[in-house]
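Both complexes shown next keep subunit A, but they swap its partner, so subunit B is in the first and subunit C is in the second.
And then the complex of A and B:
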């Protein structure tokens, strides 16, 4: 058995070697975030946490990506729940998944074309006489509330949520719904006892993927955001490529903190889903 | 004495296809009715209608004197035990059993009593994935009972179990229901199971009951050729006449004077309870029967003798 084990680890070797590259980047980033003039120090982190710009950016980032994630999940869940038999057919499914084919940047640009003050919708409303000038159209892109960012992400991630939830919904036996009915349960009981436990693991997984992506991705907020408050990724980019090199360690420190947050969140989700109850849900007894 | 369940002239149509028609029967408190019939004949549809999961096209269902035909499933005092146990995988045994009782705000002490009576006290905090097939089905039964239904419906609940366990479960469930005098309907395609489980047996075919009687009556006076063939204890001679197999002989001398004679062939010899059984094909009637056989072998041509006085007309108590 030992030789077999060795062979398995050998098979892992190429991917490990490949992972060395990003791993080196990460270690270097962590290293730089903890050093000033080649001395180990927490100074960068202290400076970061004292920076009003960073705190505002963090709050704005968390708010924006949490909103985008939750709205995507709820819309995706509702669409899947009510249309999954329809979505199992090829054409509707492909139509729903269409936004996934476009890069985020392209989708963000499209949102600007459609929803900016001089965009397609605004011009159509003007032509129809609903508004008299483009200044009456609400500011939905490059706004300080992150509405444009949220709209882009929701539009883009809803298909992803459906992609994740559809197989789960298709696999729920309809007899379970009948069972709850014969035991006296109503619609809410059916959702709570049949659907929710089935989708919960995938739901949490999807939340983590969408949340960590929207929290840290650069292109959409760069395109659709404002300069203050800005998303963490935009701020870090600024610090990294800014005129002085002094801010670089701050960029690293910000990204390290962000990664740490995502790792902790993932660990919490992992521990939760490894509780006996949710393991049993997957048919595992130990 | 009021009847627990009264079904009148039930009809069900899917598009143009008639699944059930003119189906009537009644059940007294504590009675167990087996419904037996070929697979795919609509037995499950009947149960689903009784449970309220589907609406009948016509007819009425009266329970404890109240018409419940238009009541939804969750407002009916009926439980259904499915083919699969369908336990909630993320709930413990105890939580599963309590589920329906909690919704109905019933006394939870009684449900804990149920846990004891299915012999799974030690498994109260286990999850379904830790139970065997038979244990799961016992929990499913306890969960169905916890809502204290007026009637429990069983839809081939043992079909997913292996044969030995299935046999054990039949006796166990039957005793469990009888001891508590729980009114129940037990659907199966297996006549043996129907005979073990039911006080009365309803033979279901082509959308309605061909006959509904105690087992002995079914055998002594089958209502028609379908019933006689399904039970297997008779030779059907034509659509009006049959002869019990106990009066079919393989030698002329046993059958008395002037017997009717049928040409036949032994298709196969098997053993049941240590006795050789010949599976005999009667060419002239295009019927197959099974008889104890001694001197014949596979492929032998034989003659079947039946005393004319033993040939009877169909028409036992039809419903």
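And then the complex of A and C:
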């Protein structure tokens, strides 16, 4: 069996080659963020942190994507928790996953079609006489609060959260629930002592995936955002592709800072999870 | 019908079915103006306008080509890595798993910008191959995860049996593993195509405006086309994953133990 194992590790080779792609990209981005005219410098970062546009954009991005991520996770968790027995069946599951068939920006267009000032909902309210003109409908798309971006992401990510959480919920043995019930625990105790420890690793992983995606994706904010404040991705893309090549290093610096943040967050999350797992194992052995 | 079931159906219909239905209905109707009493008027004009645009067809061709290429590489890397992760146990395996997840955590925009110069030097910028390579970054981690789960479910015994009986790895794959992993292949097909279709920024950076995929046409359309045409375009986006799904499904008919086309030959 030893030779089988040695041969098996060769199977990892293609994915390790694949990892060179993002690794090289990252190293090249870092390299270019520290250089002006082929000279090593911190100038790009200083210029970046002094730029009001960048600071405003960072705060706006963090707020928007944190809101979108937390709302998606809570709604996705509630839906999975209450309906997982249905969701194990095919038709209900396909119903929930229907939005995943569309790209994010198409879903963003759907939000414009339905919820813009002249959208379907506004039209229906006018037809029903609840509001007299489209100007009375709240500005939910292309707004400066990021509401349109948040709505699109939540709508699109809830099915993804369900996709991630459903297998975990299905695998929780009902005996655990019975135990808590026998000991007089209520619904909240059941969630806290049985479900939460089970789902925590996947919950954190889902948070990381959704948060880092919504923080740095370009497509939806380009469609549903305004020019100020704008998401970091839109700003960096502008700097990278804008009229002046001088701004390119700024795009690299912004993206490097963003990546660094995501990497630190990921490392912290996995160290936390490993510590928890280690504690749990030690608890079991003594 | 229990109240729980009714609540679920109601919620799912409003949240997930209705939006897709609205897109389909708007694409089949003239642009709605309910407040003026102009509701659903059946019309196929939107599709006529959309499909008569030559840009749409080139974009569809490129999206399909790029998507197929990305899918094939995803299947290969996903299956190999998934199998390795399911069989092997070594120190630091959980960190390798995190490492394989990082390409979707690190902004793909950063990766694309960083790779841009390399792609130019390697002659891959402005080519379909370059776009395929960059589309691998946000897709491969998902495929590895899906196949890893699938191999785990199959279990070690199922994997060792054909190996002990002396089947070559390729034969193991086609006679035992793939027939048991059809659901995983379906999920990977869907996810990969949809993610590939969703990339505007990184396609623009690496494709340099030469490789025009569907998103490249979608954004400019927004400024000119009416709601009806945009809805038709949106529906068109869902058609490509479905087409790919049907093709993969037909290909999977050639696997052993499928109902038609191929009997169990030995």
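Keep in mind that, in the parts below, the second predicted complex is superposed on the first by the 251 of 286 C-alpha atoms of A that agree within 3 Å, B and C clash if a C-alpha of one lies under 4 Å from a C-alpha of the other, contacts with A are read in each partner's own complex, and residues count from 1 in each chain.
Keep this in mind: contacts are C-beta pairs under 8 Å (C-beta built on N, C-alpha and C of every residue); 3 or more make two chains touch, one makes a residue touch a chain.
Remember, predicted model here, so these are calculated numbers, not experimental data.
Once the two complexes are laid over each other on the shared chain, residue contacts for A:110 go to subunit C alone; subunit B is not touched. In the superposition on chain A, A:235 contacts neither subunit B nor subunit C. Residue contacts after overlaying the shared chain place A:215 against subunit C, while subunit B stays out of touching range. Among subunit B and subunit C, the chain that touches a larger number of residues in subunit A is C.
Of the two partner chains, neither subunit B nor subunit C is touched by A:224.
Applying the stated contact rule after C-alpha superposition, one finds that A:184 touches subunit B and leaves subunit C untouched. In the superposition on chain A, none of the residues of subunit A is touched both by subunit B in one structure and by subunit C in the other. Chain contact summary for the complex, subunit C toward subunit A: residues 4-5, 8-9, 11-13, 15-17, 19-20, 22-23, 26, 32-35, 37, 76-77, 80-81, 83-85, 87-88, 94, 96, 98-115, 117-118, 133-134, 136-137, 140, 144, 149, 163, 190-191, 194, 197-201, 204-205, 215, 218-219, 222, 227, 230-231, 234, 237-238, 241-242. The touching residues of subunit A, counted against subunit C in their complex, run 4-5, 8-9, 11-15, 18-19, 21-22, 24-30, 32, 79, 82-83, 86, 92, 95-107, 109-110, 113-114, 120, 123-124, 126-127, 134, 155, 158-159, 167, 205, 208-209, 212-213, 215-219, 222-223, 233, 236-237, 240-241, 251-252, 255-256, 258-259, 262-263, 266, 270, 274.
Of all residues in subunit B, only 48, 51-53, 72-76, 78-80, 82, 84, 86, 88-91, 99-100, 103-104, 127-130, 143-144, 147 touch subunit A in the complex they form. Residues of subunit A touching subunit B in their complex: 173, 175-176, 178-186, 189, 193-194, 197, 276-278, 280-285.
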